[in-house]
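Shared between the two complexes below is chain A, which has chain B as its partner in the first and chain C in the second.
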Partner chain A sequence: MPDANASRAAESAVPLTASAVLVNAVGLHARPSVKLTQCAKRFAASIELALAPDGPWTDAKSPVKVMRVKAPQGATLHFRVTGADGEAALAALLALVNDGFGEA
Partner chain B sequence: MAEIHRTGRAASPGLAIGPVTMLTSGVARRTTVGSPPAETAALQAAIAAATAEIAGMIAIAQGEVADILEFQVALLEDDALAEAAYTAISTGTAADQAWCAALDAEIAGYRAAEDEYFRARAADLIDIRDRVLAHLGGGSAAADIPGDSIVAGEDITPSAFLAADWSRGGGIALAAGSPSSHVAMLARARGAPMVVGLGPLAWQDRPPALALVDGDAGTVIFDPEPETRRLFEHRMAAAHVARAAADAGSFEPAVTADGRRIAILLNIAAPEELAAIDPAICDGIGLVRTEFLFEASHGLPDEDIQYGVYRRILEWAQGRPVTIRTLDAGGDKPIRGLTVDGESNPFLGVRGIRLSLARPDVFRVQLRALLRAAVHGSLKVMLPMIAVPSEFDRAAAMLDAEFAALAAQGISCARPPLGIMVEVPAAALRAEDFAAAFYSIGSNDLTQYTMAAARDIGAVADLNDTGDPAVLSLIARTVEAARRRGVEVSLCGDAAADTRLTTALLATGLTALSVAPVAVARLKAAIAGVGA
Partner chain C sequence: MSSSNSGNVGIVIVSHSSKVAEGAADMVRQMVGDAVPLAWTGGDIDGGLGTNVAGILEAIEAAWSPAGVAILVDLGGAETNSEMAVEMLPEDRRTRVVVCNAPVVEGAVIAATESSGGSPLVAVKRSAEEFYA
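Up next is the complex of A and B:
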């Protein structure tokens, strides 16, 4: 579930943050990583993810780096988004994760 | 140079001769190193070429294979993958060394992962590393396997196997590998001779030019002397003549020299295998494995998907009997999200019917799909890994309950005969105590459980012998139980296709054997010689 208290920033450089739990069978593995980075790359905003609310942050547009995170099933994914279309990007990413990348 | 004899284990039958194509990165040794800008450009070009090559493979791949290839492309297109390599090149390192070091660090990261799934991705990174290396060396190892060559290496990935054209001959000689690997199954289906477990293929100066692969004996001869080669080619010619004669007879029914009619059934692992086969070569399908449905979909296939597949197979058979085995996951066939991870001995754990009874939610869906498909042909349903009668009784009760539920809803369905796979010695010893409508002897597991020796452990592979009197006695006992109860019995393990065992198997009273389509002609020819 997305955080209810996801902080909302207007159209500033203040990053938007939110989190969601990985519900698909084996975590952020090959196919979900590809889907997540493909989704992130559709947006101009800078998008990062982490396993903890305070990082370390990883570029969510890089499949190589996302795979290095090795996020297991049940892990909470934190997103940090900065940019004009950040709000839409965050919504799209949370929908993807909550949907179990379409394979749950 | 003296010829080199190596003995491994037979993984796919037949004889092959051809030039050796090494699969290791050894093909990519570069002799000249350019300036940093030239090396950077060389690496960029190699990565682009490798990416294009995989993209070309995706176009003809499907299911899980396509997913894995798309993942590889995503990694190759990501600048982060080669970042460290470009940094090293800028300080004077050669492109191939820089690329290797960068990828080896990435591979080490995956190998250190706690999660089994992430550890397994190391194989993808190795695939990527070697493919780019091959392009750096000016060649292309994986995609350019000439159709008639002997592929030698540590192991071969399914994607590399599928990229080659095996219709013109060729074979496989592996240092590691396993007869029960995915590639070995593919090789048997395509008729490509394959030997595994040869041990390290380290060459002192240069790799061999030519190799002879004997997929029947499990041996490989590298750089044969002219006389050795001549004798081998004689054997190939003789085998070719025998096969042509057998192929000509493949539409004839199988009859022994003393007049016994033997039913020849097919083992099918994926419905696509049936596309090129004329149903007239067989008396039906003795084993449809359903694991493929669960592997390719990255989840549990729904009832309609399963129904569609089962129906297509029944329609292909044109009224001939089709035996579909319910999901046989576990053991050496893990399925993510379904099988139990971390069992100390998966072959003695929750697999086959044990898993289906533990997961009635999954099992019921399969039973409903089978009940609905049963109206489209002569379907029989078989339960794997049955050890005690109560397992059969519980599954039969579930089948009856789903049948009643479908019928009550007015959905078209039929209740197929329910039988058991006899592969646990306990079931063979008291086969008559099961209310099964038929028995199908699974000789692979029956052999390994009886002899306490796994097929894929080379050191005990000799013990894993279906021809052992102990195993043959369990088979004979099962055949006798079927005769007394008046039900059918067949044998569907690899032993059915091993023509060295045909006489011994038929001596147990068996009159139905189920084999891979590629083995039908050979088996019919062998049966014709029995009792002569």
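Up next is the complex of A and C:
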């Protein structure tokens, strides 16, 4: 019962949002997209991204959809996260983007 | 042909050209990493362009995972030979191998990305096939 209540609370919770600027030279192309979806998949939370604060939103766990966003260098990546581990997910994603996906 | 042991869904790349198959496998390794069993095969038994069932069976064996194997193919014969190879597998393995309807290079990278997150075979196939959705 406590678990069921906790997950219901998480689902109805207001999504967490944050944004980061793409600093790596190629933007959100193939390799960064793969890294981003791999990172997102480590969390149970629902994770979406967009190029504008009001969307349209893209499932951050789908490599095909993330690549279709074709976000260039300098674009601001907005995240919208809902779920129990949402805070940790958001921190991990922002760290990844701010780090230029490890490729600068 | 290369491999890596893990419980994640295995990926097999089948192309008429061994260079295409090997190159696609290189892309998977570089972009996705080593968390996914991976094998490739390409060319006919004489080393020319084509595919052969024995080579595909070997690749399935090399990439085998209890979670199953997703096969990415290029054209015609690669698909029919892959289906033939699947039919020749022991019955308990046959149901855990699927041929994806996806472009071979892009599909392999996406399928491996999905697999590297621990997704089941059905999700790996679905993700690769999103390219045609």
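The rule is simple: the second predicted complex is superposed on the first by the 92 of 104 C-alpha atoms of A that agree within 3 Å, B and C clash if a C-alpha of one lies under 4 Å from a C-alpha of the other, contacts with A are read in each partner's own complex, and residues count from 1 in each chain.
Convention: contacts are C-beta pairs under 8 Å (C-beta built on N, C-alpha and C of every residue); 3 or more make two chains touch, one makes a residue touch a chain.
As the structure is a prediction and not an experimental result, all values here were calculated from the model.
In the superposition on chain A, contact of A:P72 is made with chain B only, not with chain C.
Number of chain A residues touched is higher for B, counting chain B against chain C.
By the touch criterion defined above, A:V26 reaches chain B but does not reach chain C. When the two structures are aligned on the shared chain, A:R42 is found in touch with chain C, with no touch to chain B. In the superposition on chain A, A:V64 contacts both chain B and chain C. Touch criterion met: A:V34 reaches chain B and chain C at once. On chain A, the patch touched by chain B and the patch touched by chain C overlap at residues 30-31, 34, 37-38, 62-65.
Of all residues in chain C, those touching chain A in their complex are 30-32, 109-110, 113-114, 116-119, 127, 130-131. Chain B contributes residues 67-68, 70-71, 74-75, 78-81, 106, 109, 113-115, 117-118, 121, 124, 298-299, 336-337 to its touches with chain A in the complex. The touching residues of chain A, when paired with chain B in their complex, are 25-27, 29-31, 33-34, 37-38, 59, 62-65, 67-68, 70, 72, 103-104. Considering their complex, residues 30-31, 34, 37-38, 41-42, 61-65 of chain A touch chain C.
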